[in-house]
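These notes concern the structure reproduced below.
Which chain is which? They are A, B, C and D, in the order written, and residues in each are numbered from 1.
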Amino acid sequence: MTTAILYALTGIGLFSLALYSLIVQAHLLRKILAINIMGSGVFLVLIALAKRSDEIPDPVPHAMVITGIVVAVSATALALSMMLKLNTETHHAELPDDQQG
Amino acid sequence: METISLLTWSLDGLLGLSLLWLAWRALTTPDLFKAVVLFIAFGLLITLVWVRLDAPDVALAEAAIGAGLTGALLLSALSRLDSTNSDPAPVNSGEAPVNQKPGRFESIHWWPFLSLVLVSAGLGSVILSMPAAFSGLSPEVNAQLTNSGVENPVTAVLLNFRAYDTLLEMVVLLIALLGVWSLGGGVKHKEPFPGTVLDILTRLLTPVLILVSAYLLWVGAHAPGGAFQAGSVLGAAGVLLMLSGWQLQMNIPVLLIRLILLAGPFAFIAMAAITMMIEGQLLQYPTAHAGLLILLLETLATLSIGATLAALFLGGQTWKNDEESL
Amino acid sequence: MNWDSWIPLLVVASSLLPGLIIFSLPEDKIRLRTTLNLAGALVKLVLVIWMLWGVYNGRHFETRLPLLPDLELVLRAGPLSLFFVSLSTLLWLVTTIYAIGYLEGSPHRSRFFGFFSLCVTATVGVALSGNLITFLIFYELLTLSTYPLLVHRGTEEARHAGKTYLRYTIFGGALLLLGTVWLYSLTGTLEFTPRGFLNGIDAQHYPALVMIFILLIGGLGVKAALFPLHGWLPKAMVAPAPVSALLHAVAVVKAGAFGIVRVVYDVFGVEFAAGLGVTTPLAWLAAFTIIYGSLRAIYQDDLKRRLAFSTISQVSYITLGVAIAGPIAAIGGVVHLVHQGLMKITLFFCAGNLAETLGIHKVSEMNGVGRRMPWTMAAFTVGAFGMIGAPPVAGFISKWYLGLGALDVGQGWVLVILAGSSLLNAIYFLPILHAAWFKEQQGPWPDEHHFDHKETAWALLLPPVITALMALAAGLLASLPFSPLEWAKLISIREFYQP
Amino acid sequence: MDVLLTSSAFAITLILLPLTAGMLCFLWPAIARILGIVTTAAGVFAVAGLGWQLQLNGTFHHPIGGWGAPLGIDLYADGLSLLMLGMTALVALAVSIYSSGYFTSRDDEIRFWPIWLLLLGALNALFLAADIFNLYVTLELMGLGAVALAALSGGKQAIAGAMRYLLATLLGSMCYLLGVALLYHSFGSVDIATLAVRIDSSPAVWAALGLIIAGLALKTALFPLHFWLPPAHASAPAPVSALLSALVVKASFYILLRLWLSIFSPQGVGDGVNTLLGLLGGIAVIWGSVQALRQTRLKLLIAYSTVAQIGYLFLAFPLAAASGGLAWNAVAYLALSHALAKAAMFLSAGNLLRYGGHDRIADLDRVAQRLPLTAGAFALAGVSIMGLPPSGGFIGKWLLLKAALDQGNWAIIVVLLLGGLLAAAYIFKVLGNIFTQASHPHEPSMVPARMEWAALLLASGAILLSFMASPIFELINIGDVFITTGVKS
């Protein structure tokens, strides 16, 4: 069980955990949190598997993850402002059909 | 196979488990504020993991953007949420909402839970079955590193080998900002007077932050750092200023703000077009002064990333709709 | 690329282009619209006559346009297609004149005449198509262009009739599509060839071919108003008179019958189809429809609904002629294609005149109408006698050849059907004539319009008289070289005796 | 050398021009309208130029930065991407002309044009990309842009629909990215051509296949994962729902098809998946059409019709293995004619909405007379959606039927015919009301002519497609993308 495999498995764990709560949770802020955690999970898998051999790790996944992080932050910003707009319109922070849930 | 001493193995195990535990707690605590704080802690912890996995560039980016800025965005959004239901149990229909109850087990929806356990087990076994030794593209990167104009392989990949990705990524930032602005007037950011401590702290910190960002930009060529990390530090400086009541957006002319926002993507596209004309290949820097061109691109990118991240933090109250002059 | 290979396309375009232009014309451009209409009809007539003369001298007219990688849009002027093209072109000219008179002053005429020309384009395309996919394309275009004409008045009743019409025709279209693609996947070609192109197929495909035959006939039967699929025709009478005249007497119904003739002769080949054993059940179905249509017609008080049911029964004569699988019966069936068109359009024109000038819609209101509108009723009488099968008018010839053909192949029972249906025709036509000519007019006409000294506008009066004369001529001058009968013989020889 | 006329010049302009124009619109909102139309018009010429070049010297290949495949990113264009680029250019031009009439208030204009042109740039970049991580970035760029536009009208439904759409598209991208990660770490490259050579059927490839297909199916709104599409497309402004239904949904399908053809199917990796996708496609066709039939609002009806038409595209997967290029040609043709027809439908729905103030199907008050061009556009587009001749949809349906009959796959034959009948039912439900009088006539407001002509030209494009089948198939098969037997270098 090298460190790479360990962290990759943690990444998978994060991915599934976040996917579960994305489906289950009703509050939009939690859904956005879940999306971010899911992103971190995927990035963890990407970088962990790059560290399998012991000499310097493969830089390409690192570049990919940096790009991914920037994309994630822009998506989060858009999601948050949309949540706020929905909140001002409907005084709820949940999607209409999740409200009773 | 690196000989796993007990110490490193336990450290990694601890880190991994605490990551999972933090994530689970962040997603299921009834109190939203606690959830956000836990998420920020999660971000910091994952920065540690990146360091552990020899990915310093990513650690820097994660610390600045992943934990820092996203946390700030979440907190500011949380504060602007309609006060009636930002508390844990939204009092809308009286009955206690299902997933808000702290009870641990009866609130789990069994069907998605089981399917996701299966999915993660499957993916886990796939990870285990992957070949142990794997070098990926690092030999090619090292071979071409000399004529990429920079020593730091990650920056080389980001700004030379896969520069096209970075170009599109700058546009992603821009389109996210346009999306946020097109959603229009959010709740006005009512900032009370920040209090003297924060005010003095900001006055001291901002120049330091700008210096750090410039250093990160410069050092990116041969050591971990680069445009994104520098830009996010600059953005953090902007956020700090705005939090401490500086109405930045009021006194900078609108056109200048837009030009700064467009500086990064525009520079990339101009560079692409020029290199296309001269070298016949998109984004093929003449090897002699590739380093210089990359540095130019990076500075402009840092400027626009910083401005965009600060603007994203401001969110709703757009600078654009209180001026109709153009 | 000599000139001959472009004429079929020109014939189709000669009504498509005016139609598209008319669509864009504003309502008040009456003069331009009428000239466009008539010019289109005349140009088409000239081209058709040119083709008739060319084919008579053995010239070959065919347009091939690339459609799919290995399938082409083929327009070919063979004897059978010319037969139907000349009918529809002639009657389109007459109906345009009638429609201009009929729709005087009514709204949305640009839209009406636009779809009217589109519909004729589709009919001519159906007639000239050289393979089954071209036929299918124009067949569906016919459905799409007739629907707006049906709902032209915009009343709730019209929309309802349109809905039923669509339910039948779209369903029929789906059957036809499935049959065509299945056939194509079995044989690899869809070209119409005299005596069919299925002779080379090995035996293990026969059950599939029977299924394909059922699908094709089902698809075509909707428009040919075969028994179970005829429900839409009586309801479609809610459309304005020129629509029900041209469409439900000539274009739509004939496209279905023509399709059945094409499928049996040029796809399966009549001997092959008989060998498959599919023609006899088709004959029974056609016979049943004839009797059923006539029976239903007797009880209809509304004049147009009675004519609609009579159309249902008359069109099945064509199917019967084809299904008897004998050369002489084929002549009877094919020639009835034209005769029934001429006679039925006369009846519908007269019904339109009665409705337009006197507001008569019911048979019971027709007492003494002969005295008030002598010319219209004279044309109606000629048409009615033709329907019954009385000698001088064309209807008699087709029934004569049908009977002769049936005897020739030993299908005696067909004679009983022919005699019975003629009797039923008499039962539902003669009372009308009796009421019109010999009964006294009781009370004022429901909605009388006066046209100074003429009985009605000349544009409404002339068309039925012309078509009545044509029906008479087709009956009396049957042996002339260019008569429908001779042409039908030419077709039948081509189908049966070609070495 | 005449750098201007080479295919790489055309391809690069297709990517960079919309991006720069989007930024310029952001900088000077006053010129946004003209710039938008000029850019999209130039886009059409660029695609034509690219097509001409592709015909001359085969597939277009451009290593960005000169680094070559595994290290750098490549741009690649063959017949399939040319088709998609052409589709995008045509619909983009029509939508731009339409939007110049639709968005009148300055505020809307400032918000619409920059995002739309950046989205157009993302679409062109996506169709030219040959690198699966690059596809992730373009997919994300397109997703965010589409969501921002979907939320443009600002109403309660629009924001909720856009939010659900954003969450769905982000989830889809995450699954796709995980698939990319697995592929990269198994074969050391993210370039499609290199992957096609190195791929073998290890468990990692199966997992990657599952994740990528799940992610992209969610973004293409295939049946069980289509919940987000109807509210998002129905509540968006008309030009936006046109480009969402016609282009954005097709882009993720294009990636799925591209990866399937070049990476997954040559190894016979996905035989079981074939039938699953076909099954889901079949259910989508039936379920989508039935839902469309039940709708009372026009835009929701059209949105559900998109769900159904997407199902048709997936029907070809089980047929493709044995039918060689036939099923894929049918899919390409269906995608093209659906894009034109569906865009025309949404634009005419926008006209009806602008004209009548509502889009309740029952009260479409005698529109045939008062908006003849829009009624004509809707009717022609409906003909193509139903698959009745003469239309592009008919050609696609004919080819699919032929492929299904060749293999005797009766389930798909029944689905195709039933789908056509149901489509006819809901299209004519609308057309029937267009002719008749509404219960209470109301005071209409006029619709600019260019908006009607944009819808009509698109719809007649869908009809003309029926006569241009063989030249288009020649174009599609440049680079033999559909010949799935041999492994291409």
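Going forward, contacts are C-beta pairs under 8 Å (C-beta built on N, C-alpha and C of every residue); 3 or more make two chains touch, one makes a residue touch a chain.
If you're wondering where the values come from, they're calculated on a predicted model, not measured in any experiment.
*Asks:* Please list the single chain whose C-alpha centre lies closest to the global protein C-alpha centre.
*Replies:* D
*Asks:* By the contact definition above, name the pair with the higher C-beta contact count: A-B or C-D.
*Replies:* A-B is joined by more C-beta pairs in contact.
*Asks:* Go ahead and note the Å separation of the Cα centroids belonging to chain A and chain C.
*Replies:* About 68 Å separates the centre of chain A from that of chain C.
*Asks:* Could you give the separation in Å between the centres of chain A and chain B, each centre being the mean of its C-alpha atoms?
*Replies:* Here the centre of chain B sits 12 Å away from the centre of chain A.
*Asks:* So how far apart, in whole Å, are chain B and chain C when each is placed at the average of its C-alpha atoms?
*Replies:* 73
*Asks:* Could you tell me the distance, in whole angstrom, between the mean C-alpha positions of chain C and chain D?
*Replies:* Whole-Å distance between the two chain centres: 43.
*Asks:* Among the residues of chain B, which are close enough to touch at least two other chains?
*Replies:* 123, 130, 134-137, 141, 161-162, 165, 169, 172, 175-176, 179, 183-184
*Asks:* Quick check on chain D: which residues sit in contact with 2+ other chains?
*Replies:* As it turns out, chain D has residues touching two or more other chains at 133, 137, 140, 144, 147-148, 151, 154, 159, 178, 182, 184-185.
*Asks:* Do you know which chain A residues sit against two or more other chains?
*Replies:* Those would be 15, 19, 45, 49-50, 60-61, 64, 67, 71, 74-75, 78, 82-83, 85.
*Asks:* For the complex, give me every residue of chain D touching chain C.
*Replies:* 366, 368-369, 372, 376, 383, 386, 388-390, 394-395, 397-399, 401-402, 405-406, 413, 417, 420-421, 424, 428, 431-433, 435-437, 466-467, 469-471, 473
*Asks:* Across the complex, what residues on chain D touch chain B?
*Replies:* 1, 3, 8-9, 12, 16, 19-20, 23, 26-30, 62-67, 70-73, 75, 106-107, 110-111, 114-115, 118-119, 121-122, 125, 133-134, 137-138, 140-141, 144-145, 147-148, 151-152, 154, 159, 178, 182, 184-186, 188-189, 202-204, 206-207
*Asks:* Considering the complex alone, what residue numbers of chain A touch chain D?
*Replies:* Listed in rising order, the residues are 15, 19, 22, 28, 31, 35, 38-39, 42, 45-46, 49-50, 60-61, 64, 67-68, 71, 74-75, 78-79, 82-83, 85-86, 89-90, 95-96.
*Asks:* For chain D, which residues are in contact with chain A within the complex?
*Replies:* Where chain D meets chain A, its residues are 133, 137, 140, 144, 147-148, 151, 154-156, 159-160, 162-164, 166-167, 170-171, 174, 177-178, 181-182, 184-185, 190.
*Asks:* For the complex, give me every residue of chain B touching chain A.
*Replies:* 1-2, 4, 8-9, 12-13, 16, 19-20, 23-24, 26-28, 32, 35-36, 39, 42-43, 46, 49-50, 52-55, 57-58, 61-62, 65-66, 69-70, 73-74, 77-78, 80-82, 84-86, 90, 92-93, 97-99, 108-109, 112-113, 116-117, 119-120, 123-124, 127-128, 130, 132-138, 141, 153-154, 156-158, 161-162, 165-166, 169, 172-173, 175-177, 179-180, 183-184, 186-187, 226, 228, 305, 309, 312-313, 315-316
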